[in-house]
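Next come two complexes, and both contain chain A; in the first it sits with chain B, in the second with chain C.
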Partner chain A sequence: MKTYSPTGILAARSGYRVNLVGLVSFFVVLFWALVALFAPYIAPHSVGEMIDLDYFGPMRPGLWLGSDYLGRDMLSRVIFGARYTVGISLAAVSIACFTGVVLGMTSAVLRGPVDMVVSRLLDALNSIPSKLFGLMVVAAVGSSIPVLILTLSVIYIPGAYRFSRALAVNIETMDFIMVARIRGEKLPYLIGSEILPNIIGPVLADLGLRFVFIVLLLSGLSFLGLGVQPPYADWGALVRENIGGLPFAAPAVIVPSLAIATLTISVNLLIDNLPQKIRDRSTS
Partner chain B sequence: MKSRVPSLILGRLLIALVTLTIVSFAVFFATTMLPGDTAMILLGQSATPEAVAGLRAAMHLDEPALLRFLYWIGGLFRGDLGTSYANQMPVTTLIADRLANTLKLAGLTTLVTVPLALTLGITAAMWRGTLYDRIVTIATIGVISVPEFVLATLAVLVFAVYLKWLPALSFTYQVDSFSGLLRVYAMPVITLTFVVSAQMIRMSRAAVIETLNTPYVEMALLKGASRPRMVLRHALPNALGPIANAVALSLSYLVGGVIIVETIFNYPGIAKLMVDGVSTRDLPLIQSCAMIFCFGYLLLITTADIVAILSNPRLR
Partner chain C sequence: MTNLVEIRGLTVEATTDSGRWIQILKGIDLDIAAGETVAFIGESGSGKTTAAMTLLGYARPGCRISGGTVKVDGHDMVTLSEKERSALRGTTVAYVPQSAAAAFNPAATIMDQVIEVTRIHGLMPPDEARRRAVALFRALSLPDPDGIGDRYPHQVSGGQLQRLAAAMALIGDPKVVIFDEPTTALDVTTQVEVLRAFKAVTAQRRVACVYVSHDLAVVAQIADRIMVLRNGEVQETGSVHDILTRPTHPYTKELLHAFHPDAGGRTAAPVSDDSAPLLEINTLSAGYGPPQSNGQPLVLAVKGVSLQVKRGTNLGIIGESGCGKSTLARSIAGILPACKGDIQFNGKELWHSARQRSHDQLRDLQIVFQHADTALNPAKSIEDILGRPLTFYHGLRGRARDARVDALLDMVRLPRALRHRRPAELSGGQKQRVNFARALAAEPKLILCDEITSALDTVVAAAIIDLLKELQRELGLSYVFISHDLSVIEAICDEIIVMYRGQTVETIVPAARQQPQHPYSKLLFSSVPKLDPTWLDTLDLDPERMRVA
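Moving on to the complex of A and B:
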């Protein structure tokens, strides 16, 4: 299935085989990252400003993506929405993967009761469906951006833990770990300098996939009205507040949906088409 | 050699039981750690301290959390799910019809999804590397990468707005004929089918490809068996276990999907009930719905594991 078509200089120079799908999806991801980063400089209007007398206006020059249910500029709202969707997800995925990977490597090194207890607890956490977990937390403590980031990261710690533990267990049986142990190295050195460098490729690929899950869950929660709260709006919230425009096929409801889809699909495709060298560095 | 299957299955069931206990613990404490006093919320601002104290005693709120947890679990076993805060009705009554509705939706989706997804998944594996396989694979990645509500939005856009075949919203009481049934369930089932079958296609394709890579299939190829024969006679019987595992595992995506789909289509199921419960902070209702969902989810995952154990001839 993997038909790599090396594209020109890049492939030749780096020694990595790059394919077209991977390249295109890389640029889409880069595009959204830049949009999120420079939102205040590129948005033509302020987020709350009502500039159109009509609501659910169509696309037209000056109002490139139409207007929303209050006549606000959709382009600016989508640009700022990128900040919340990308920012919150990135923060959550960083916390989730950092915690999960550190715990996973620690379990693999320590084994025994620590491994047992942590694995059991995280497995139990994993058997609460993610949307349900989000619903419950929001019901209990209300929704704010810090709560969202924390909840999303807690939900995805077990996955990151399982993945990195499985990889680390393989590495842990190698001779150089034995040598390090005999040298009397402590846990932080073992996991940081001996195991991590050997699993970092797959772990980063996994981080990308988990980022997609988090974007999907965050959008889902926001769509249910339980995620990012007004006056702020991420893409999921934008779809929710403009859902009334659906019968007229208003761009206000279609554009944020497409924004989510392009981001998540391209992250997925990017990871699928990563050079084998990075993706499977230690799994082979 | 003594069979390891019974002990493995027993172990798996035990793990499920332990997990369910931890989960119920989590559900209970997540929802009772709320700021604010329940009795106070129920009686309102103007309640006298004596009334609040009375209600607290009546609801066992003045007892330690652990004891309340045990009361709650005991109630669950007796089928007593408590009383809804919002409208003072027993949660059991509220849930009964809604649960039936949700199960109907899930059942219909399963009926549509399983044959469709397995056909696509197995044929894609059969003709691996062809254009057909690439299209199926890319389409499933596309569907998996998109949130359920976007799929639902697209389905409404296509079937209700442009084609005008179906109503955008569901109302279950219209069901009196086959066409009525079709109209009510079509949109939610279409959306859920997309969500679940994408997972199922991916997993069943992977399962069949794994069997196709085994030496005995290569042997079938070498002796000159045709491709369909190789897949259907040699590979498929051995892939049945992994495929059944894939089916059970992908059906667990119904749990997440149903929450979104019931909300967007206004379908009177248990997930909609729960989402409404969250906005009114109706704790007994949320706890009960959460337990039902977790139970269903755990049931499917455990079934998947047990099927995997049963279908592995090396363990017999």
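Moving on to the complex of A and C:
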């Protein structure tokens, strides 16, 4: 029974205990999601259009975030960059967590040889350094968005698998699983209806965390020039192409860095401060 | 003359999830004289442990002592500072927990832990403390009193550990000792020894005792006075004799009544004897661990058990923990495939493993587990829990399913509004009813009940037993009832099998007023506490029977 200081609590009508930090970070995440979704409607210019004669221009009316190394509108580029950073990461994390969690629960229920084979295979995959693996795949088959999504999800499947398997193994020893087994229930029901509802809270938290890792890895790959290809750019690529503006304190290099920071930190804070009832689901 | 303990107008509050404070003890008054034993009795949630803990000046996290005084030997435990309370704990007031196994540190020797109190309070040099401990071990009739202190907690039995916990409490020469359900987790045969040891030591040292329990028969042996608690209020206080013979409060009467479940309530088996048995087991063996060269598992828990259950009759299986009774139930249900023997059910041979059994065979044979807490999925509503077997076995959906869930809730006497709740929002008795209703949903012919009442209070357990009998009359079910509680089994079973070390030692038919013949059954039957306060003192466990145990 934790007690929270009353200042941090907005007592919501729904019976959920909402935390102020959680609320703020939720709005930041929502902001970036909306930006990514409606990018073509809110961006003042197109991605490749050169509108400024100067490069690394400062912030001024009309060019709210300055211009980049080719004199393009930085605001538009950040807005479109959100599409790639949020979109690719979301797709990759969905694939990674769905595959990992389903495999993890299956291994926990079936045990024996299935568990052994799947666990060892994914352990082997886990032992490859993630950035190196990404570099290798992109070097071998070239960089395109589907390749990026698949590579990123393969890198994060073993982690999701280990996490969900560890949770599911604890649930699997409970009597209600035994009851379901001797009722004659099959695997899909066991993992979908008996185990998943009991681990969904931690799994969602893990999903958020993994999303942050993927954003960072994707930005890292783009920074090395292996991610999204020009003229399109995600935030990592924006940092890289404008790195020359660092001595000029150009907003072009600071803004995308800030974008990455706000998104990842907010997602993290949101996970840590989810409305209480949701996070307590596994224990209540 | 002032009393050793004086409690006046004690109230304790607990906070709820939404931060509201509610009273869980509502004004308790009690006096305890030196050397007197007072028992706090009541169902779980009645506040008996909370009341006992206030003697230590302790309230559990989320609780606070909100009013009244608790004077122990002249000190008011409520107003003392935490430091002053610490000085009194162990020397004036001591505590013996319910589960000694959880209270001992597995990484330190028993002696170090027993004399820890004298070290903390600087009472005496370690050598003297050790001598005193050995004397206490001897007084508590522990085996090998000189050497037992050098062992680690896992090297002694549960009953011995419970007595060692008492030694730990007594070493600081306290004036009051609180026993918190110290024998609840023990077998009846072990319980007798532990109770005797407690009674002898506390009488000899003139220690005042507070004995918290829900078992009236145990309390009758050890207490001078009984305080009956319910919902944080004292229902009745009186001497053991008065409470047992002249209870005035309705709840006390209910408690006493629950102790004598009427075996006469069962109607005779409606089906004639010549029909084929519903369940027949021949020389069944089952165990754990990898198979050995002779085809048997490493540890054999059930060794060649044969039994029969006729339609509409009940079979009881009784024995101490570790005798293989639960393993037997699990191998009948197919959870733990038997390694030898055969199971005939409803005229057909059953596969040993549940996986190979047919849909109908699985439906006709249901098992209900002991712990409703773990047997019900905490993430699902009662409706979903009861509805799944209806859909799975009978293909019911939508409105038909809803109607049947309502009917099931009616059957187990639960309000229909509970269907939207989660298991965590129900009481222990309600959960066990849902657990049972799920088995009924399958419309089985036989239900295996594995210790289904042992986690419940006497009054709640008696209500469940009555329910089982009633459902049997209505639905023509058969039960295999596994328990270590003889009174429960006698109340419901037509035939009782006594198990000991994986084998059946005797079959008893209670209706025939048959007395146990085998030495172990005799020991088991005579160890069940009786309400008679002189039972423990007059109990004669003859040496021949003790040797078998």
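The rule is simple: the second predicted complex is superposed on the first by the 267 of 284 C-alpha atoms of A that agree within 3 Å, B and C clash if a C-alpha of one lies under 4 Å from a C-alpha of the other, contacts with A are read in each partner's own complex, and residues count from 1 in each chain.
As a working rule, a residue touches a chain if its C-beta (ideal position, glycine included) is under 8 Å from a C-beta of that chain, and two chains touch if they have at least 3 such contacts.
If you're wondering where the values come from, they're calculated on a predicted model, not measured in any experiment.
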item: Fit or clash - chain C, chain B, common chain A; value: fit
item: Contacts of A:Glu49 with chain B and chain C, given as first, second, both or neither; value: neither
item: Touching partner for A:Ser219 - first (chain B), second (chain C), both, neither; value: first
item: Touched partner set for A:Ile260, first chain B, second chain C, both or neither; value: first
item: Chain B versus chain C as contact partner of A:Arg120, first or second or both or neither; value: first
item: Touched chain A residues, chain B compared with chain C; value: B
item: Which superposed partner A:Gly184 touches (first chain B, second chain C, both, neither); value: second
item: Vertex chain A angle, Cα centres of chain C and chain B, expressed to the nearest 10 degrees; value: 90
item: Which superposed partner A:Leu132 touches (first chain B, second chain C, both, neither); value: first
item: Chain B versus chain C as contact partner of A:Leu246, first or second or both or neither; value: first
item: Minimum C-alpha spacing, chains overlaid - chain B and chain C, in Å; value: 8
item: Overlap of chain C and chain B interfaces on chain A (superposed complexes); value: 1
item: Chain C-facing residues of chain A, complex; value: 1, 3, 174-176, 178-185, 193-194, 197-198, 200, 281-282, 284
item: Residues of chain C that touch chain A when the two form their complex; value: 15, 17, 19, 61-62, 333-335, 354, 357, 359, 362, 367, 369, 371, 374-380, 388-389, 392-393, 422, 424, 438, 442
item: Complex contact set, residues of chain B against chain A; value: 15, 18-19, 22-23, 26-27, 30-31, 33-35, 128-129, 133-134, 137, 141-142, 144-150, 153-154, 156-157, 160-162, 168, 252, 255-256, 259-260, 263-264, 274-275, 277-279, 281, 283, 286, 290, 293-294, 297-298, 301
item: Complex interface listing, chain A residues touching chain B; value: 1, 120-121, 123-125, 127-132, 135-141, 212, 216, 219-220, 223-226, 236, 239, 243, 246-249, 253-254, 257, 260-261, 264-265, 267-269, 272
